[in-house]
Each structure stands twice: as C-alpha cells, then as structure tokens.
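First chain written, first letter: the chains are A, B and C, and each begins at residue 1.
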Amino acid sequence: MKNFTALSDVTNIDELVQEALKLKANPLSFPSLGEGKTIGLVFLNPSLRTRMSTQKAAMNLGLNVMVLNVNQESWAWEFEDGAIMNGTKVEHVKDATAVLSQYCDIVGIRCFSSLENREEDESEFVLNQFMKYCTVPVVSLESATRHPLQSLADLMTLTEAWNQPHKPKVVLTWAPHVKPLPQAVANSFSEWMCKAQVDFVITHPEGYELQSSFSQGAIIEYNQQKALQDADFVYVKNWSSYHDYGKILSGNHDHWLLNETKMKVTQNAKIMHCLPVRRNVELSDALLDGKNSLIQQQAGNRLFAAQIVLKSILEGLNQ
Amino acid sequence: MKNFTALSDVTNIDELVQEALKLKANPLSFPSLGEGKTIGLVFLNPSLRTRMSTQKAAMNLGLNVMVLNVNQESWAWEFEDGAIMNGTKVEHVKDATAVLSQYCDIVGIRCFSSLENREEDESEFVLNQFMKYCTVPVVSLESATRHPLQSLADLMTLTEAWNQPHKPKVVLTWAPHVKPLPQAVANSFSEWMCKAQVDFVITHPEGYELQSSFSQGAIIEYNQQKALQDADFVYVKNWSSYHDYGKILSGNHDHWLLNETKMKVTQNAKIMHCLPVRRNVELSDALLDGKNSLIQQQAGNRLFAAQIVLKSILEGLNQ
Amino acid sequence: MKNFTALSDVTNIDELVQEALKLKANPLSFPSLGEGKTIGLVFLNPSLRTRMSTQKAAMNLGLNVMVLNVNQESWAWEFEDGAIMNGTKVEHVKDATAVLSQYCDIVGIRCFSSLENREEDESEFVLNQFMKYCTVPVVSLESATRHPLQSLADLMTLTEAWNQPHKPKVVLTWAPHVKPLPQAVANSFSEWMCKAQVDFVITHPEGYELQSSFSQGAIIEYNQQKALQDADFVYVKNWSSYHDYGKILSGNHDHWLLNETKMKVTQNAKIMHCLPVRRNVELSDALLDGKNSLIQQQAGNRLFAAQIVLKSILEGLNQ
C-alpha cells in the first residue's frame, strides 16, 4: 500500500479486514517492522480516537511517533498555490510538507472540511495540496470528504459480529445534532458498504442526500421506519446538508432520533456509531449502552485498522 | 496496587517509601517491566512536574507514553450521566474513558477542583466518573481533593531528611496567595502525615479549616508562631477556604507570610513546598533558596514516587 | 560540547560540519548513545522544523524525548529574579528549570525576542536566566539574538553545494515582510559566515544594520544590486530594525524583493532561506521552487545539525 486516504487505495478489501483481525489476535507480532522509522501525525483539527489509536498502532510496530498540532504548536498554513502571503498564514503547506517528508517515513494528516466552500472540500483541496508536496506515504486521519480508518474499523466490526451465511442488512440512519457536522464519516461508510458483502440502505430526511459518488449502489429510503425493517446493523450518524452545503436544514427533524420502539422492526439489530456521540441527542443512552451496542468494539478496532494500514505501508517501504 | 488516587490505595505506607527510595538509588533497574504496555496521561489542567516526572517514570520502566491534553487536542468532555448533550460538550467521559481503556494499560488523569461546587468537588465527581468507566488501573495526577503523588514524594523527602530516633514535628502552615487555590495538596499532605511517624500540626487563619476527614488526627493551631515552635519541618502552602467554598476570606492575612524571623523558634526547620510557588508572596526567596529548603528535593522525588506507583501497578497487571 | 547556544560553544567549526555530514551519510550509526537518557524540549514559541528535527535527531541517538509547551500545557513563567509574584506568572524559571534539570539529561529551549525591550533581548535575558538555573547542558532552539542550529545547517548546506577551490561569495539580503521579525536568524548566519571560509556581504536598507558584534568582519553594502554582483549564494531573510528596535521602518522597501532579473548579475547563485517563508512577499515562488533553491536541503540538514550537537553533548556527558 502506498497511501491510505480512500477505499481506492485498497487492493482487496476482504483480505485487508482479515489481516486486521489477525493482527488484533496478536498485536505485538511485528514489533520491529518500523524500527528506525518515524511517523509524523499532523493535526489541523482535534482528535482523540484517531490520535491515540494511530500512536499506539505505530508503537506496536516499533515506529517512532512525532505529533504536530498545527496552529497550536507550529505556524498557520497557507494552502493556495501562488498565494501572496501577506496575511496571517505564516508557512505554505508546500514548504511544511516537504520538510516533514524529510523527517518522517510516513505522515498522517487530519484536515476536516470547512463546511463553507463545497467545491474546495469536495476536491479534497487541503489533503490534496498536502499530498502533492509530500514525498512519503500519507495516511488520512480524516479529511474533508472521507474517514477511511473509521470505515475499515467499522467493516472489521461488522465482520466480527456477523456469522450468518446470508448478507446482513446494514442501515445508515441520519440523526439529529445541535451543530453542522461534516459528511466525511457518512460518505466513507457508504463508500465502503457499497463494496462490502452487505445489503446497504441509507435513510435521512429529504435534503440530506450524500454526494452521489459516495452512495452509488446504496438504496436511499426517506422513510426511516421502512428503512429499518429487518435491519441487522444500524449505523447512526448526523451530517449536515451536502446540497445546501454545510447547513442544518429548517424543519423539525427531532423525530429522527433512534429509539427502542423504532428498533423493534429490525432483526434485533446491532447499533453502531463512530464516536464522539452527543448522547440523548443523536442516540439515547439506552441504545448506546445496551447489549446490542457495538460502539466500543468499533473504537477498539480503530487501533487494528491503523495498525494493518501502517503495516502494509511499511512493507511497501521495506521492499 | 490496583489504582493510586488516595492514601487508602496503599497497603503499607512505610514499605512504599522504602521501595521508592530504593528505586531512586537505581532508577533503571526495571527497564523492561512495562515492555509492550502503554500509559495514557490525560490532562484536563496544566502540569509541569507531574507531566514530566510521570512520563520519565514510565520510560524508566519501558512503558510507552501517550499524552492527551483534553480541550486543546481533543474534545470537551461531559461528565453528567444521562445528560442531554445539546451544549458545548462534545464527548461523554463514559465513551472517552472506555476508548482509552482499550488503547492503554494504565491511565493517569489530572482534574482540578472547580472551587465552585463544593459538593461536586468533595465527591470527586470528575475523577470518580472517569474511574467508573475506566477498565484499567487509574493513577491520579491530582484530583479535586487530593494529590497523592505529591504526598508520597513529600514523605520520601521527610524520610531522607530525618535521621533522629524521635518523631519529627511537621507543621503545615497556610500562606498568602493572590488567587484562590484548591485544597488538594494540603488535604493530601495532611492525610498522609496523620498516618506517618510524625507529630503533625496545621496552622492557618480561622475560616481556612480543611475538611475534617483529611485533618483527622492533626493538631489545629490558629497561632502560627505557636505552631512553629520546635518544628523540624515546615510545609508552606496556600489554599482557599473550604467552608466558604473556594473563596479568599476577607481580612488582611499578609502577616502569614513565613520569614526568617518566624523560623527562629523552630529546630532549624527544613522548608517544604510542592511548587509552583509564588515567590515573595507565599514565601520569601531567602527561605526558598536557603540551605534549609527541600523544595527541589521534593520535586526530584516526584519522579520516583511516580515510578514506584507505576511499578506496583505493573506488577499487579503482570500477575 | 557542554552547551550549544552560540558559535562560541563550537571548538572547531569545520570539524563540526564534517562530522555532521558524516552523520547524514549514516544517521543510525549511534543508535544507543543516548540510551537511558532523556532530552526535554521546552517551547515558549511555536516551532515546526526545530521541533521535529530535534525530536528525530534525539530518537536517532536513542534518547527519550519529552516536549513541554509552556503557556499551553504548563504554567506561565516569571523570569525576573527577586520578583514579587503577585501577577499572572505562576512559576519562576528558577524553580521550573531546576526541576527540569532533575528529570532531563539535556534541555533544549526556544525563546524568541520580545522585539520590545532591546536591552533585555540583547542580553539574552530569558535564555540566560534559564541557563543560570539549569544544571544540565542546554541547546538553544532559537533565542532572542541567535539561532545556531539553523546556522550550522546553513553552513552544512553551503559546504555540500560548493566544490570550487576558491572561497564562495555569500550575500545575506534583507527582504520585505508584513510584520516585524526578530534578528536572530540574520545575526546568527552573519556570526557563522564571518568565521567560515567565505567572502561575506550583507545588504539591507539603511536603518536595518544588525548589531555590530554579529556583523564584525562582514562587508555592509546598501546597494542590493551591487551586493549581488558575482554572488555564489544569496541568503534571503527579513528582520526588523535593531536601531529603532523591533520596528518596520517607514518608506517603501518593496523593491528589495528578490527576483530573477536581479539574480542575473550573480554567478548563477544558489538561493537560501531558513523557512518559514512568506512566499511572494519575501521571495517569489519562481526562485523558491527553482533549481537553484537550497531551501529544502537546508531544512533537511537541520536534522543532522541537531544530531551532531546532541551527539557531542552526549559524548561529553558519558566521559
């Protein structure tokens, strides 16, 4: 593997999941694969799970880790090529990235969408500017439109939890929230589910359609209750509107809150969420903490998702 | 040792001090006890000594270290169970802690008192919510009412500095300050001294009484000069009022500033302070920098206090 | 080597450069020189290159690394001796530094000039207060008047790029900027060039003269075009006025922006800059990204400059 920023970087999705699960069974089986090598983790946005799981994954492989919180510890970056830098941005991503490439063997970067400029976010402007100037492998720690480490962990979790011969029905359901959130997790989950051995349905209020390239192959169902019918897994997530970009649409959507009554039409479905979750806004405590909740298993799998990706990249470097 | 958040976690206080002093003589004698294991250090408040000494202690034992500055690097946490999270708190401690428990083998947490809600602080609400959801051993890096790593280092320092057959007289004296401080260090020092082989006196202006459970067994003496009579050790520390919770009481207490004249009635007493110290407000430069000052020895012992605690917890894990 | 804060700490400048280049050829040749030892990196100001290159250099030598972002992660420091600390500064550098000396075997510190109090900056007040109380070797990660790790990397870069028998002509040219910058990089570069085997010219608008002790031995030429004549290396850098301390002088100095036309009178000179650079304000994209640009080579050499310095200090410690 050269980079890991989207599903398209994965040659064989099933194989990757199986290898990740193998690592989970024996996390310290490659303690010196990364010996003498360094990963730099660059955060333009806050992070808990991604920050900690990637650090831990790197250490499990013997990699040295350097963390850079841009804006707090370093200088604000300019991303526009050709910019006349007479404002508040102190360093161009071109220079910063070329420097990081000299000190690090792999670089991870987290760069959320602005939710203001759709075209820019959609083009993955920040991530792509970073990658354009980075000469070492890049791992996305979530970008404007995708969060592939989350999706890999999600697919691992589904795989662990499903032992029936037939395909499970997986439903991604929109949830209410108090502020506009990026579409990245939903996009990415959809992208991965459309390629996985599952029947995949997305349900959300009208106006919250994801960019079609991410939901290609999914069934879109505006009636939540209908969507939930016979579901084996229900992935709950809020996202802001893609069409009215970055907005919370007017109208009361509180009834989209998932509850135990709604879950009755499912096949005793498992509940998933990527965290952080606004408890009792997106999802009730009862469901989050109930026996069908997979949320902590998902978070735990983030470690092995990161570790299998770093392992694959290191093997590429060592060839 | 399972957790370390209060004196009650210690089976044998003298033994722990002796083992810590043994480690001090040979800090690198257990370089691989923590191999393949990880400690996560969670800071909800600033830290220098605790941050650095705990990191160093962990590295001396071969532990990997991950630091998380919540609020700066991650998401603001909600602590209230059942909260409807429609405000500014992005993640519930329940979720964050369960995640950390999956990535770390031990977790340290620093969580100061609010000095606003006495009942909440007194119940160690934040620490206890954290521990309730943490499935791995927890080390307090200072909490609302206690700072046990400091107290252990203080007791080590007293032990090193005292070689007489009789018990030393130890005086904890309140000092002026410019802003309201938590009672944690004073509480904890008092709690430990009441169990140690010392005669222990606390002196402070009326109204600054510590919560009685921490000072059970101590002599309270409102006359500072009388308290200092024949003292062998004088521990200087400010704290805000517990009874008028978190307040600096009215009235001029500047004369509580310790000086060389006042020290004349002592047995050439050693001076102690946990740092950081407001020089020439809490205590004069002359005393802080004089030959009787133990402040740097205390700070140095923080490393070995942390190391013996981590060693004990690791031995528990490895059993 | 005991400390590294100025050229005067270097016994033999040529030897140091040669040894640094040898390390560059084989960065992992001393993987356990720092075993069981710890470097503390203290940042009072932001940093990317220095932060990352010093961390990496330390890890290449087997040193443990602890980073402290003062003000963000710890307490604001007081530097004035004898201060009555009744303001916002929570800890005296005297105490903080003595503590760090107990936890670390080497300490690096970054402390920019204030650009407000010339006398204080000129005396290296902050760095010197730190060093006064530090009992272990100190490495400057840039101080009020100097940035020696940058200058060492710059000299390495010059040495690599020059293979003629005669001395190269090196020109340091002032560049426009949007805000007042310290003189540290210019001072330090000048100090090192005046001792190196080069012909050294400084050019800047009148009023931007560096403090004379740093430019002793350099030719000062106010006519930029004349200065550039036959240059082999052109080092571009902005700095604020030393005489009208910390100010951007009135008058339009935009024409000091270096461009390809001006470069025509040089000997096809190489371009240098320490980064971060305000692109198209200090220097055009065309020059920064052109084939004569050495800026990334300089940044890459920062790693080996730090590593040779840490190696020399460690060898001193191990004796």
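Everything below uses one rule, namely that contacts are C-beta pairs under 8 Å (C-beta built on N, C-alpha and C of every residue); 3 or more make two chains touch, one makes a residue touch a chain.
The structure presented is a predicted model; accordingly, all values stated were derived computationally and were not measured.
Looking at the partners of chain A and chain B together, the chains they share are C. After Cα superposition, the angle needed to carry chain A onto chain C is 120 degrees, rounded to a multiple of 5. Two copies of one chain, chain B and chain C, form a contact in which under half of the residue numbers belong to both partners. Distance between chain centres (mean CA atoms), chain B to chain C: 39 Å.
Looking at chain B, residues 72 sit in touch with two or more other chains.
Against chain A, the residues of chain C that register as touching in their complex are 28, 31, 43, 46-49, 51-53, 55-56, 59, 69, 72, 178, 275-281, 285, 288-289, 295-296, 299-300, 303.
Listed in rising order, the residues of chain B touching chain A in the complex are 36, 38, 40, 64, 66, 68, 72-75, 78, 81-87, 90-92, 94-96, 98-100, 102-104.
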